[in-house]
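Shared between the two complexes below is subunit A, which pairs with subunit B and subunit C, respectively.
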Partner chain A sequence: MTPMIRKLVFGFAGLALLVFSGISFYQSRRLKEPVVVSDGVTQVVRLSKYFSGVEGTANDCNMYILEGKEPGATFCILGGTHPEEPAGRLAAWIFAENAVLQKGRLIVVLSANRSATTVTRVGGAYPPEFSIPTSWGEQGFRMGDRWSNPLDQWPDPEVYIHYPSGQYLAYVDVRNLNRCWPGRPNGTLTERTTYAFMEMIRKEKVDIVIDLHEAELQYPVISTIVSHEKAQDLAAIVSMTLTDMEGFKMGMEFSPKNLHGLSHREIGDFSDAAGLLFEAPEPFLDATRGKTNTEQLLTGKDDFVVRAGQHGLLFEKIDANGWPIDKRVGRHTSAVLQTMVSWTEMHPDKPMVCDSIPRYADVVARGLGQYLRNPALAKPGRIWYE
Partner chain B sequence: MDLTTYASLVLVVMVAAYAVAKFFKLSTEISMFIGALAGCVAGGFGISARHIAEGAMTYLDINLIFITATLFMNILKESGGVAFVVRGLFKRFHHRRAILLVLLTVILLVPGALTGAGSVTVLICGGMVATVLVSMGVPKVKTAAIVFIIAGLSAAAPPVSLWAMMTAAGVNMPYVGFFWPLMIPCLVAGIATMFILGWKGKPAETEEVLASLPAAPEGMNWFKIILPFVVFLGFIFLGRTWPHSTVVTGLPFMFLCSALVSYILSPLKLNFLRISRDTVNQLLPLLGTLTCVGILVQIMTLTGVRGLLAVTTVTLPVTIVFASLFIVLPLSEAVLMWGAAPVIGVPLVLLFNTLGLNPIVALAGMSIIWPLGDALPPTAIIGRLTVDVTGYKDSYAQFLKACIIPAIIMIMIGMLMVIYSKQLGFLTGL
Partner chain C sequence: MKYVSFILLLVVAAGLVWSPAAAQKQQVKLEQPVLLTSCGQSPGPLKIKVFFGRLGIDYVYNVQAAAGDIIAKKKEGKPFKSLIIVVGASLKGMGAAKVSIEEEIDRTKKLIAEARKQGMKVVGSHVEGMERRAQGAAPGDNSDEQSIDAVCPQSDIMVVRKDGDEDKRFTTISTGKKIPLVLFEKNMELSDVLKNLYQK
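Our next item is the complex of A and B:
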């Protein structure tokens, strides 16, 4: 091959790579995810309503506000803090599309770090999107990553120093929404996002913020509630009730006092609200996982992770049945509902009563697709996009 | 087909494709790319443009650091700064062999420590240090061994140690607390190597040596050499002291500023664009390697090959893992270069974590052993480069033989750091 021909061949191969991968990245970044809001939703606002510093950015997400006929407490559910943990987003989706409030107010966020929903992890081989089967067809969702998209926030510093504690953290975590609480108004996009949420929490007088996550089985903080000390009694009751009544194990631990940037620490420290974080098991995040594809993501079946478990390397059990997405989402819906019930028992003067949300057993029996609504049948004005 | 069989078959295809490409004398980076493509096809994913492109971006930031830091080093060299330092130290300390040896070790450690690449050390100051060593009566073969070994250690030395950075990134561990666990062993092993191989020898006449070194240009002085480093450290200092009122610039920009300062202060008129072009040309094989390692790792992750290697490693008996480190690490480096970190390093750190070892110290210990693979076939990039630059003409086997004693020292230090990582945890300062 002459050098000229070689250059041409490589040039065209590079161009083809650019075009084909570019199309894929463009499509997944712009995949529209419909939300057919529940009748209980009385208002949909943007995050920038509370802090204009996120206006016009990727992180100016929707907030679905549901109001009961009677006053009561205000809860906030954060889905999509880490979009690569889909059960968190999907459980919040079920609330936005189905919940009807009797008492109190509920603010639902589906893409807390919207920027992170538009990117997949380099070297991680994630699928660009995944879909959930429903009775009316399939609904597609962006896969997302743990960190904000570098297209929206770059470069990273040499070391990430948390505000205001001054704690040193890994440089990539400067784009991790759950290491950037409570944020600051003139900070990075991720810090401005958490600051906007803090403003919302303060202005709307939120009582409880629930941050929905999933974790790899090799991670010790799993299948548990992490609670700020303000909400420790509530978390303890929820954990015990779920373990006794619903047939799945749910632990409870305290938010470490000296670990900064996490929602369960900083929301409680910097507002009147208390932060709770729920973790469900997601074998897709395990480093020993086998094939990286949507099937693994949604069934949680993986022989390699099972083998790691047989050698005592995991903090949650796993067998050939895996950890299907229905189970993971069901854990979250039940945990949120139980938090509302237990809260109301503890604060009868400030109740929080929510209907039409399936508990664990229902989601597992019927499949979470049963609770996703058909955008084709949405009434005008009742459909939104994430 | 069960997962183990499937992933094993894909692995076999990848290895075979890599070996065939190597057999046809293709470069390591192209061979890795071909291995990755073959794995992608064999795994049933076709030729996935998205995964290739995404994998190629994995080490984009590291590549940028690499380019800007090497540009800085090259400008320092072309402005006569490196020659000035080497001549100055030689003139001042040629009667005090021990001090001179220690200073030469430090000079060799700096370029690789800043850039993360041993080859940059060899290119920037390998030749000049070799001239001084030979003039001090050190045989050429030992001189080549000294340059190679310390260049390897410089790559592992902080602040930029690519093996540690890439492995840490692969296990979601912050690259924090690595400074002393990397610095102390690199200094100890570097100075030990210098003294063991360089202590004996009858020095030549001072004038003769100075004549054989490149001239330091008129007008060069210590201030002009130190200021660019002060600029770099200044950025780090500002960012760490007032993190919330300093603009985030990132390491590549800091190195670029140091390069510019060095360029402006140069007593010689330098062609900035030519040096930039030369820098990228010089680095192309290494940039290519990092890019193709990213693709390879992405495809291995996609097909479950990474999981297979990880689960196999973490379920092996611990004694076997410990006992084989000194073979596995250099060998993986020889085959995959920095790809060894995400492919072999990540599962090992996962294992160490579950064993309750200190992952930072253990990973630092591994980083001391990895560079030894750079002298081994099939790649042997840095080994061959060293032999070229130092002007050593005899057999490559003799050169390898001269490296054995320092290599054993590095292996001992590295293995002890892994095994006693828990007790050495205080080094991290965390």
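Our next item is the complex of A and C:
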């Protein structure tokens, strides 16, 4: 092969890669994720309603508002703070598509950092999308990343200095929604997003904000509730009840007062609401994982992570059965429901009563696809897109 | 055959008498007010606090209580009658409180010494299972076990969630030091355990 032909072959191969990856990226960024809202959803508003600084940006996300027949407390569920932790988004999806409120008000967010849903880990070879099987076919979701898309916020600084604490954080966390609370109106896109959420929390007089996450098994804060001091009694009773009644262990950790930018710290410090953060186990995030594909993401099965556990390197148990997505989502739905029940016991004058949401055992037995609604059967005006 | 059955019955009965569960029946009675604190800054004391609130038990919750707090309470004329120290360490909790496990151990040793001086009963408690044992800690971190060693062998009674005794750590202390051990399985059973301990 002459040098010229070799150059041409490599040139065309590079071009083909560019075209295929470009198509994949374009399709993933524009994948429409349908949400067939529950009959309990009374309003769908944009985040920019509370702060115009996010209007027209990738992070002007939908907020699904459910109102009960009787007044009570106001809860907010944040899914998609870190879209690469899909159980958080999917559990919130179940609430948006199924919940019916008897008492109180519920605000559900599926893509808290919508920009981060439009990109995957650069150089991480993540799958661009994944699908959940349902009785009516498969529903596709964007995989997403931990950080806002660099196309929406760039460049990163050498060091990220958190506002207003002045604490130094890793440079990349300038695009991490859960390091940018409470935000500021003239900040980066990610800071403006958390500022908009803070405005919503203050204006809607939210009592409890629940931020749904997943964690690698090598991270000590796993299978737990992280609580601001305002909600510590609530978190303690929820953790104990879940561990006793639901068939899975749920711990509890205090939100450190000197670690800034996190929802469970700053929401409590800068509003009347209390912040709780729930962590479920996600082996896909472990650095020691094997194949980085959708099968691993959804089954949570990974021989290499199991081996890490045999060497005592993990903070959560794992065996050949892995951590299937149904278990991870079920943990979150049960934890949110139990928080509502325990809150109501502690505040009978300000109840929060929610129906039609499956608990852990139901999601595990029937599969989460059973709770995703068919867009083809949606009534007019009851379908939205993320 | 009857003789064998009789022997078996005796063996089973003896096992029951000496089992940790039986310790609950022959437990030490405790009095109020209670000083509830931590050795290791884990969220464990909060769990006991929740039940104390529900049971109407007179308590002071201070996760960084010092010997001076016991002395001050005595000067007020309302001395503490019992001290509960919940063991198990949280690196996050100790970091937030800006204390090391060595400082925690030093503080609790002084607390126990003052409690002994005032004739208070001391309870060592572990309520978070194996997750709050060395197995759940960062590699190389032994602070959970250090907090157990600092408190449990010096206590008058131990209250422990059963899954935290998977390796018989607390049973061994109980047997070796002849300290009654109350084990409970479900978190909600802790309410009954506390109720029994503080029943007049």
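We take it that the second predicted complex is superposed on the first by the 375 of 386 C-alpha atoms of A that agree within 3 Å, B and C clash if a C-alpha of one lies under 4 Å from a C-alpha of the other, contacts with A are read in each partner's own complex, and residues count from 1 in each chain.
Throughout what follows, contacts are C-beta pairs under 8 Å (C-beta built on N, C-alpha and C of every residue); 3 or more make two chains touch, one makes a residue touch a chain.
Quantities reported herein were computed from a predicted structural model and do not represent experimental measurements.
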item: First, second, both or neither for A:Ile383, with subunit B first and subunit C second; value: neither
item: Which superposed partner A:Leu313 touches (first subunit B, second subunit C, both, neither); value: both
item: Which of subunit B and subunit C A:Gln232 touches, first, second, both or neither; value: second
item: Broader residue contact with subunit A after superposition on the shared chain, subunit B or subunit C; value: B
item: Partner chain in contact with A:Tyr168 - subunit B first, subunit C second, else both or neither; value: first
item: Partner chain(s) touched by A:Val44 [first = subunit B, second = subunit C, both, neither]; value: neither
item: Which of subunit B and subunit C A:Gly187 touches, first, second, both or neither; value: first
item: First (subunit B), second (subunit C), both or neither touched by A:Leu31; value: neither
item: Partner chain(s) touched by A:Pro155 [first = subunit B, second = subunit C, both, neither]; value: first
item: Contacts of A:Ala125 with subunit B and subunit C, given as first, second, both or neither; value: first
item: Shared subunit A surface residues [contacts with subunit B and with subunit C]; value: 313
item: Partner subunit A, residues of subunit B touching it in the complex; value: 2-4, 6-7, 43, 49-55, 57-58, 60-61, 168-171, 173-176, 236, 239-240, 243-244, 248-254, 294, 297-299, 301-304, 306-308, 310-311, 314-315, 342, 346-347, 350, 354
item: List of subunit C residues in touch with subunit A within their complex; value: 43, 46-47, 49-50, 53, 90-93, 95-96, 98, 128-129, 131, 135-139, 186-188, 190
item: Complex interface listing, subunit A residues touching subunit B; value: 16-22, 24-25, 120, 122-125, 128, 154-159, 161, 163-164, 166, 168-174, 184, 187-188, 218, 287-293, 302-305, 307-308, 311, 313
item: Subunit C-facing residues of subunit A, complex; value: 220-221, 223, 232-233, 236-237, 240-241, 243-244, 249, 251-254, 256-259, 312-313, 315
